[in-house]
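Chain IDs A, B and C follow the sequence of writing; residue 1 opens each chain.
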Amino acid sequence: MPIEMTLTSLDNPVFQTYMLAASIMLLKLMFQPWMTVVRMMKIGAGFRSPEDLKKSPLNPKPNATQLDVIDYVDRSRRLNLNDLETIPGFLIAGFLFVLVDPPLQLAQILIWTFVLARAAHFVAYITAQLHDVRATFWTFSSLSVIAMTGYILMQVV
Amino acid sequence: MPIEMTLTSLDNPVFQTYMLAASIMLLKLMFQPWMTVVRMMKIGAGFRSPEDLKKSPLNPKPNATQLDVIDYVDRSRRLNLNDLETIPGFLIAGFLFVLVDPPLQLAQILIWTFVLARAAHFVAYITAQLHDVRATFWTFSSLSVIAMTGYILMQVV
Amino acid sequence: MPIEMTLTSLDNPVFQTYMLAASIMLLKLMFQPWMTVVRMMKIGAGFRSPEDLKKSPLNPKPNATQLDVIDYVDRSRRLNLNDLETIPGFLIAGFLFVLVDPPLQLAQILIWTFVLARAAHFVAYITAQLHDVRATFWTFSSLSVIAMTGYILMQVV
């Protein structure tokens, strides 16, 4: 690596790969709550706080059943929780992985495996596929982060 | 930028802004579970695990209703979950944003919009304002992170 | 610090300490959902989505009670949520802490306090110890992150 180049410069193709994938996953992380909001507004239900039953511009005709758990909304919340369990871990592990200067091809494989696995997991979950299907995609994303972390650990010790 | 200065030095005013805001948001992230604990202890209820019903110095007079969901405690847990959905995303997006060297004024606007929006969201939620009010503040914080991520993406591609 | 050394190089013992601890905590973060999966498969219950009741290779004999909340599985989910409340905050605060170049001994104390406290918290929670016990360990981990953040804040202002 040329002396002027730092690991966290976009001139470093590993960092460039990470930054592209990280941007996509950050957008996904921020997008999921919007899906929850859209679904809540669409059916006027699936709310969570007692005060959400007050009459307001966003809720012109309140009724007590609006606090019931409804799968259409709760599915998006579960997806969000699933994102929280995986995406911040990927973003942090991926960044630390860049800092130990891994081979480009390994970085590309692990990083894009994560992104593709999460995209497939999202489709499988939102369309309510069998547990086995979404579990398979989730496994790939989890193993990708574990592999990056294992590589970091090997460089450290 | 002078040759001796790195993006992640406190001499870089963008990084300095980020570090101040990041510290505040990290403290907020760590503070919320403490609020949950204080509220649980104050009313001796809102516990979550079966073993929390055992007699102990922190729970001298156990009874089965202590595991019921109580809004006073659950509100703080919901706030915590809301923090988890936004703050780590902000901290990571903000840091990567610093690394692509954005204009100072843009960085200041996006970073402080997030912090102020989260402060306002906290006040609105803890005082049980209308859903519309807290949703508005949440929207500003979400758009701030999305804008930072969009800026990163533009630099990467 | 010699002129050639950067703060985020493994030559920096503070960063080396952080990277070792961060790898361990990332593995813990990724491990907890696996524990949930293993426990769900072992007892064939504690599922969360309606479609998980469909007959499949992973669920050959479905029945409606499989969606009930069962402490054996839910305990692992609660541990995961507790991880989400603390580990990403530690990973980010710890990294920013490295960037303000703290004394090595302070860094070692705060970083290993967090790791040990989380390990003890895990054991206390999974074996259903008194709330007082796990709360004590949780407190150490929380104070460690707060101390790192306070140190960052002092350097920034």
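Keep in mind that, in the parts below, contacts are C-beta pairs under 8 Å (C-beta built on N, C-alpha and C of every residue); 3 or more make two chains touch, one makes a residue touch a chain.
As the structure is a prediction and not an experimental result, all values here were calculated from the model.
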Checklist entry - If you fit chain A onto chain B using the CA atoms, what's the rotation angle, as a multiple of 5 degrees? => result 120
Checklist entry - Would the interface of chain B with chain C count as same or different, where same needs over half of all numbers used to appear in both copies? => result different
Item to check | Chain centre separation (chain B, chain C; CA means) in Å | outcome: 17
Checklist outcome for this item: Touching at least 2 other chains, the residues of chain A are 6, 84, 88, 92
Next on the checklist: Per the contact definition, I'd like the list of chain B residues that touch chain A in the complex.
Outcome noted: 6-7, 71, 75, 78, 84-85, 88-89, 92-93, 96, 99-100, 125, 128-132, 135, 138, 142, 145-146, 149, 152-153, 155-157
Checklist outcome for this item: In the complex, the residues of chain C that touch chain A are 6, 8, 10, 16, 19-20, 22-23, 26-27, 29-30, 33-34, 37, 47-52, 54, 56-59, 80, 84, 88, 91-92, 95
